[in-house]
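Order of writing sets the labels: A, B, C and D. Residues in every chain begin at 1.
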Amino acid sequence: MNYPLVTKIIETKNENNRIKTIKFENNKKITPGQFYMIWIPGVDEIPMSVSYIDKNIIGITFKKIGEATNALFNLKKGDKIGARGPYGTGFKLNGKKILFVGGGTGVAMLAPVIEEAIKKKLNLKVIIGAKTKNELFFEKRIKETGAELFISTDDGTYGTKGFTTDIAEDIIKKNHFDLILTCGPELMMKKLMDISKDIDFQASLERFMKCGFGICGQCCIGDGIRVCTEGPIFNEKTLKKIQDFGIFKRDASGKKIKF
Amino acid sequence: MNYPLVTKIIETKNENNRIKTIKFENNKKITPGQFYMIWIPGVDEIPMSVSYIDKNIIGITFKKIGEATNALFNLKKGDKIGARGPYGTGFKLNGKKILFVGGGTGVAMLAPVIEEAIKKKLNLKVIIGAKTKNELFFEKRIKETGAELFISTDDGTYGTKGFTTDIAEDIIKKNHFDLILTCGPELMMKKLMDISKDIDFQASLERFMKCGFGICGQCCIGDGIRVCTEGPIFNEKTLKKIQDFGIFKRDASGKKIKF
Amino acid sequence: MIEIPTKIANLRLKNPTILASGIMDEDAGSMIRIFKSGAGAIVTKSIGLKPREGYPNPSVIELECGLLNAMGLPNPGIEEFKSEVIKLKKSKVTVIGSIFGSNSKEFTVLGTKMQDAGVNALELNMSCPHAKGYGLEIGSDQKIVEKITTNVKSSVSIPVFVKISPNLTDIPKIAQSAEKGGADAIVAINTVKAMKIDIETQRPILSNKIGGYSGKAIKPIGIRCVYEIYKKVNIPIIGVGGINTGEDAIEYMMAGASAVQIGSAIYSRDIYVFEKICKEIKNWMKTNNYKKIDELIGVANL
Amino acid sequence: MIEIPTKIANLRLKNPTILASGIMDEDAGSMIRIFKSGAGAIVTKSIGLKPREGYPNPSVIELECGLLNAMGLPNPGIEEFKSEVIKLKKSKVTVIGSIFGSNSKEFTVLGTKMQDAGVNALELNMSCPHAKGYGLEIGSDQKIVEKITTNVKSSVSIPVFVKISPNLTDIPKIAQSAEKGGADAIVAINTVKAMKIDIETQRPILSNKIGGYSGKAIKPIGIRCVYEIYKKVNIPIIGVGGINTGEDAIEYMMAGASAVQIGSAIYSRDIYVFEKICKEIKNWMKTNNYKKIDELIGVANL
């Protein structure tokens, strides 16, 4: 039922000084790429991708940016949150050689699919990027999977200076890939799609969400595609038909906001 | 669900000039003794015991006495009625030697349990009674089962003159019975219970019914026993605790009416 | 051990679960049985001055998410009903006499007779959604509600509860009228006006056509009404509508109810529903570290 | 072959199933998609003069027998929304523009702008149960309803529908006020005022606390409202509330609806619900020997 299950936080971890992970119990099957609507009682309810998938425990990893994420940031072990989900489609690991590209908090939801790909013994390379060194997270976690990891920071304080797409362009030239999976700023993902040419491509989109189960219409893009149910993961075929992709999103009122 | 299934009458048969049988489709399992709430659209909805149990067809047999039964009497093959049920408990054939006593329309609902007893190769005797010859019905049907049949009419126009209880008293003296099953006027059944002494005894009661599924309270007797759900078949143990048995029933308003 | 005794006005209940009016409460036998099987109190069927047969059948049926009924206030009349109350009192049943009338005088006569017969409290039914000249037709007028309550109150000494309807534009206003009239508690809600058309026969299935909707479908409506009323009155509220579980009862309490009534759930969970719900309430309180039910009342009114 | 085209006032629909306001109808893309997937017409999200974000989440959740929402009338404002309507008209979508305002002037301005943008008809939302100063607060006053309808009617030439609330003591009266004001049709019902308290966190789950109840739980309430209104007005009624199947739609028609709107069922049966329901209606008509949908309208009003 699309009703939040109220649960106690069983673990929290600061990934860096603006990014935190919260873990809680869960006994539903989850495909990496799916998300939950997280209710912070008295504050807001916001969509959050799953960043950790353990047996009966899942985690979300988020950045402090506004009222809800700030409130969430201040919660401690034992505090109550509500969670309804999982919602949406997940990534499909159809390919042997896969490139993962994560920008900003987008890295959070890529981590579990990277771990799954490793378990399936696929051949993978990972690029993660952030504005600056302090904002990076999950470097250690991804390295530990054994995946080949490339890092960029916009300001060059760590890894390659520049954007993830710069690294991607280079790697794609030199290697063969069956599939690219990405999550991050939409303009980055759009650019990556252009770069990817005819390599299969899946990107995770973010839109303002209210219901999460396909009724309110708040998250619709293109020809009425619901990001919450038909997405948030879309392949290049669909993305190419979505006129809004990389162009605009809508705010809570439905007004268009250019990227 | 306690909602009438609207169905077409597939067969009707006049049992005598005031008693008629109506048959309709049914695919629920029925124990003899159970009843349906029969909806005559625009008229009324009344409880009716099942008098025929075939594979996918059941029948009710009723006497024309008031608005609802008159309307029902006038219905023809193809007309629509609603039926919800089956409701209530059924008879329990726990015994080898059984006496059946039916008075008036009570004979209707005894017929299927007599047939079942025959199928189970039990040893049975049947007494049926009516006010007068014209009101008798199901004589042939019961005879055809092979059961030993005794008949009484109050006025002596057929069979033994007198009441079914007179015959019963006589037979009980001369034979051993494990069980007596009865349906008919309540005073008759009460008398029969007195006669039956320590023979197991089950009687089918009639009370005014509205819901049929145990919520409205209209049919309650004794210490709050619902005839529609905990009955209509009661054994002597319960009947002896029911102060109302043979004393009074209630009308639609809940007012007590003495027998 | 957690205990859950409750007090509404000066009426003490062994627990907060009360049998709602109109469900298995026309005869003393049923009411004693249900009281013994766990209810904290019993509300009688709504009783009028004269016997009424109510509407022809079908008068109650089941829908996808609840029950629909238009009984039409069948009752044997107060004179005959007195004997049932007397039996109840002999068995020490805590009983609330529900009455309906078409004006203040009828209510007063009925209230006095009920009190004389021995009921512990009165419930004025001003909310039946399907009986011409009674119930909602009276209960939608603030002045009439106040007047009836005042008059009944001044002629009896037992607590007087007023049962109100959800079929109103402004429910708290009617509750306030009852409070002004001196009501000791508000009972909310009666059934929701509703209808089922049988498409096979192309007619409303109930003989009265329009009926009252009860059961789990109406719980969110009842919760809203109790919540709204709680903000506007200072007398206790008894919550009714779609309560099936201990959690449902707690939800009503958090909305502002001091006790609850249970009707349709007798169908889904049988007459032992009171005992079951009390157990569920206690278990929940234990898990959540509550000692007294009062700590829950109205807590969701932020 | 049975065909089910429908006409409401002078608005022709390919079939009688219309997308209800507020469900997947804020952007042209969705509305075109739903129209193409089978709806006879689309009602837009209710649009106001200025952009509104609506209430914070949670703004819509699922209950046992339906949905509960308090979106708070989020909308980008009429100026921005016009472009969506223009796109719809390019795709030849039959579109009904839903508007809300706090007074007759706002409604008139909005109505004119919607007409200019190209909508085929207007739906005046006088029934939202949870937006302060709008919706039900206006829609419960007979005079205001009549005045707004009159003023909108006199400033536009397209059909004007008035959507009314079930949260009223006397629903047919409000429908009559709309009719007096010149409404071309009544749309009934909007959501039922309701609430869910989350007992774990001891608070109403919706950020706005009170919300509107939709889905199958409310169908018997909607049927009753349409039935009552049908007896009192001479203009067509569009039935809404809990319609999930062709049988549900037929039940509304027998109660008096000339067409139906479908909202919450998009969740239970996805956006193809319109096509599915039309098929079920046709199958039922075939089995029961009906040729035209008009033969069904109001037949249960005995």
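Just so it is clear, a residue touches a chain if its C-beta (ideal position, glycine included) is under 8 Å from a C-beta of that chain, and two chains touch if they have at least 3 such contacts.
Small disclaimer: the values here were computed from a predicted structure and weren't measured.
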Contact distance in steps, from chain C to chain D: 1
Reference chain B; chain at largest CA-centroid distance: A
Averaged-CA centre spacing for the pair chain C and chain B, given as whole angstrom: 37
Inter-chain centre distance, chain A versus chain B - centres from mean C-alpha coordinates, in Å: 70
CA centroid of chain B to CA centroid of chain D, Å: 52
Per-residue multi-chain contacts in chain B, two or more chains: 42
For chain D, residues that touch 2 or more chains besides their own: 63-64, 203, 302
Touch-based graph of the chains, sorted into line, ring, star, complete or other: line
Pairwise chain contacts under the document criterion: A-D, B-C, C-D
Of chain D, residues touching chain A in the complex: 22-27, 29-34, 45, 51-54, 56-64, 67, 69, 71, 74-77, 80-81, 198, 200-201, 203, 205, 207, 263-264, 266-267, 270-271
Chain D contact footprint on chain C (complex, rising order): 63-66, 68, 140, 167-169, 192-197, 199, 202-204, 209-210, 213, 216-221, 223-224, 227-228, 247, 250-251, 254-255, 284, 299-300, 302
Complex contact set, residues of chain A against chain D: 1-4, 6, 37, 39, 41-46, 80, 82, 84, 210-211, 213-218, 220-226, 250-256
